[in-house]
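Order of writing sets the chain letters: A, B, C and D. Residues in each chain are counted from 1.
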Amino acid sequence: MKKIINNPADVVTDALRGLAAAHPALLRVTRDPAVVAWAGSPVAGKVAVISGGGSGHEPLHTGFVGPGMLDAACPGAVFTSPTPDQVQAAAAQVDGGAGVLLLVKNYTGDVLNFETAAEFLDNTRTVLIDDDVAVQDSSFTAGRRGVGATVLVEKIAGAAAAAGADLDTCARLAEAVVAGARSMGLALTAPTVPHVGSPSFVLPEDEVEVGIGIHGEPGRRREPLTDASALVAALLEPILDDLPFVAGDEVLLFTNSMGGTPLLELYLAHGIAEELLAARGITVIRRLVGPYVTSLDMQGISLTLLRLDPALTDLWDAPVHTAALRWGM
Amino acid sequence: MGCDARSVAAAVVAAAGVVGEHRDELVRLDQAMGDADHGENLRRGFGFVVSALDESTPDTPGAVLKLVASVLISKVGGAAGPLFGTSFLRAAGAVGAAEELTPELVSAALGAALGGVVARGKAELGDKTMVDALAPAASARGADIPTLLTAAAIAADAGAESTIPLVARKGRASYLGERAIGHLDPGARSVALLLRSFANSAMGL
Amino acid sequence: MKKIINNPADVVTDALRGLAAAHPALLRVTRDPAVVAWAGSPVAGKVAVISGGGSGHEPLHTGFVGPGMLDAACPGAVFTSPTPDQVQAAAAQVDGGAGVLLLVKNYTGDVLNFETAAEFLDNTRTVLIDDDVAVQDSSFTAGRRGVGATVLVEKIAGAAAAAGADLDTCARLAEAVVAGARSMGLALTAPTVPHVGSPSFVLPEDEVEVGIGIHGEPGRRREPLTDASALVAALLEPILDDLPFVAGDEVLLFTNSMGGTPLLELYLAHGIAEELLAARGITVIRRLVGPYVTSLDMQGISLTLLRLDPALTDLWDAPVHTAALRWGM
Amino acid sequence: MGCDARSVAAAVVAAAGVVGEHRDELVRLDQAMGDADHGENLRRGFGFVVSALDESTPDTPGAVLKLVASVLISKVGGAAGPLFGTSFLRAAGAVGAAEELTPELVSAALGAALGGVVARGKAELGDKTMVDALAPAASARGADIPTLLTAAAIAADAGAESTIPLVARKGRASYLGERAIGHLDPGARSVALLLRSFANSAMGL
């Protein structure tokens, strides 16, 4: 394993120390339990927006803490959802008296730990994020997992809270984003988890894993590595068919790197996706391109589409200041 | 020579050792179908449990189990933290304030543990989860604790093995569809390991 | 080679198409010759700031085009400096009548091509960026290469131009940044150039290349892969000794990912660097942490230190809106 | 059968073919010490040169060389673009408006090409650059063009080989210090390849 780390058991703690050092005016980072909070929180009368999950997906979630987005993030161990203690500590720090919105990616571990925390908290609402169309949706299973849409939910719910919306409204908007967003990803390489030391799976030089998640779990299927046009189409078609997105829709297109894929390839993929959408009569009116929901050093991309309406668009455009996403302030 | 708080605490410490020994195996099992953290999660969690028991051993078996539960819930995270935590919490409830465990109490504890996991995780038998190990274990019977726990461990082992040919319907492996077939569920394996360790501890009583 | 590309000969063109699609309001992207210009340019009476270089280092330079930073960037082929035609075309597009500042990384190819372009342009100043302490400085050689400081030069010169400074002042400030900035990098893996298809070098699992540049060229030496604390110290010590940076200095610390190194490791390294600087009595007053000067998919990091004074600090803090760096607007 | 514009253009097209054949070799040489683009840069550049010559063949040898120069300068980038471009530009200047090349003009062209590279790149003999191939080539003499160019190609080959044991002082390889020792300079190799191709074309006149 080649990584710039000290003790593998301490990577999250050590990285949080660096995060705190890098953003002293923006973030308040506490340990035991680990919480990354906006230094300006709590804001009296504002709904507090909290998310969290396993580490290894940076900048998700800690990079999205700040005015206009998350009040706090709870970073778990690598690929391990945080504990209820972390969520309770985060809520205690950032609750401004107007309620706490918990934004939770739909994984068994995340759901159970946030659920336990919520039992100890007053006035909370939980919104589950489950946008990955690679996973069959069924009431008999764990359901779809949350991936790229998480950034969009956090931005839009965070903007609503910043604008003074109440807890129900914030939750309703978060649910609207979940309802209108779909994602799918593929991997060219596997991530290497620090406490494991070997790649999570082994992929031949000429194959890709299609329908992967963000935890190094294998995807739905392996396919030959084709050219970028075919790969992008293989991600986009299932997304479009699922909601479905149709001609006339106005959308946000989020082209995400899983971490190891360079911007050159990412923009190349983004350009292809824009062309495919234009050919379908779907109008891209907002975009996000970059490594925002990653899986350590995995090479790969995911696409997320969100159907926009003017209200969601305004909330997307609202000022935000976090380590990883910033505009208007 | 009865099964008091001290014996239960010793059994938990011994189980922590077993978890440590099998940490890499559990990581590998979770790597095949999931996110490669199960062994590390349990190692970390039981490490904290041992530290907590080092500091103070509670008075009753139930209090020991409750301490284990609260450490696992508050320190582990992931699916395993709340599910194992809840199982120990429900087991603690089942044994109540008894000074010593009896076969009946152990049986009740196993049933309660299963109930807790099912209540939290909503998995059914055959969903390729720890339930597939814990459910047959909870049905085991025995005239004394060693016999009962040995029967439970054997049942859990068989139950864990039974997950191999299954498609998963719960947990992370459910994302894989048919590709989960052929792999042993890591949570079922760790349930079996814990019960085998408890049985071994009980034999030594 | 595993990459999300179509024809390797077209990667830059295809990526530029995606860049244009992703930032329609911000950028004006033209081809033949390839130029990425700020859509708001030219601004009458403002010094135009232009940079460029080989592609494969994204977001450098195209991701730094926009108000408060570059007026235009000239992206060459992968790892190949742009042609004079590109630079001339960029100048023609963005020259606002107050002169053109050319910010050039000190590589033979970049120097020669920008030099040729400058012969055709009126009222230009060229500032060479050569901050890499891994390269011995000598008048008999090509000299030091330009690496991480490039972002800082572009930001500060761009801010000065935006504030209305004249060409000489902008050039003087750019030179001040070059004079006060030093960098060094290391690699855990080699990049794979699309038109080559194999990694630029092969590094055993237990070795790092220390003193690497950003073009996949081997470094100064190979060393055993040690822990993060030792690796960060091995980069920081030569930087500190070179200028030298001394107790009492106020600095900007830029912790850069070479592309493939995830944020978790990058923040971890940043934290260590902050601690080492604090122990030396050097005060970090500004930071930049992220993949800003990359080498395709290479795993590795570089550190850049810039000694700040109040004037440079104000220019660093000034509003900027580009694809990759944005604040205050 | 003299060396007119058409012959020079044909020689350039033939040289473009040689560059294409050696593209991977030049990439590999540049990969060892530099950034692995030299072969691709020249392939791309000479591809544009061939297209330009396809469109229209200039009237004089000098005009052909000037066209090559301007395409290389405006299309290649990197170090090779301006350096090769300047060498062709200076060579064009040296042969002036002559309708046909003579050995004296070829000799003057080679000298001018060297002068151009040195003026732009400031490299001296032994700096491990294309100068190490071009300088000995420019000193070659011959009674007719084939003889002269063959002597130049032989000298360039030897000059290129002489770069192997050197530490680089110019270009990208200068960053490597001692680690450049043992590697052939890609630019010197491509100079030798071009001159060998020109010599072969001249033989066929």
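The working rule: a residue touches a chain if its C-beta (ideal position, glycine included) is under 8 Å from a C-beta of that chain, and two chains touch if they have at least 3 such contacts.
All figures in this text were calculated on a predicted structure; none of them were measured in a lab.
Visitor: Return the chains shared as contacts by chain B and chain D, ordered by label.
Guide: Touches both chain B and chain D: nothing.
Visitor: What's the distance between the Cα centroids of chain B and chain C, rounded to whole Å?
Guide: 53
Visitor: From the mean C-alpha coordinate of chain A to that of chain B, what's the distance rounded to whole Å?
Guide: Distance between chain centres: 32 Å.
Visitor: Would you kindly tell me how far, in whole Å, the mean C-alpha position of chain C lies from that of chain A?
Guide: 28
Visitor: Mind pulling the residue numbers of chain C that touch at least two other chains?
Guide: Within chain C, the residues that touch at least two other chains are 78.
Visitor: If every chain is a node and every touching pair an edge, decide which shape results: line, ring, star, complete or other.
Guide: Graph shape here is a line: each chain touches the next, no loop.
Visitor: What pairs of chains are touching here?
Guide: A-B, A-C, C-D
Visitor: Per the contact definition, I'd like the list of chain A residues that touch chain C in the complex.
Guide: Residues 1-6, 11-12, 14-23, 55-56, 58-59, 63, 78, 188-189, 205, 208, 225, 227-229, 231-232, 255, 259-272, 274-275, 284, 287, 289, 291, 294, 296-297, 299, 301, 321, 323, 326-329 of chain A touch chain C in their complex.
Visitor: Where on chain D does chain C make contact in their complex?
Guide: 27, 31, 33-37, 40-41, 44, 73-83, 120-121, 169-177, 179
Visitor: Which part of chain C faces chain D closely enough to touch in the complex?
Guide: 9, 33, 54, 76-86, 107-109, 112-113, 115-116, 134-136, 140-142, 145, 193, 195-196, 200-201, 213, 215-218, 220-221
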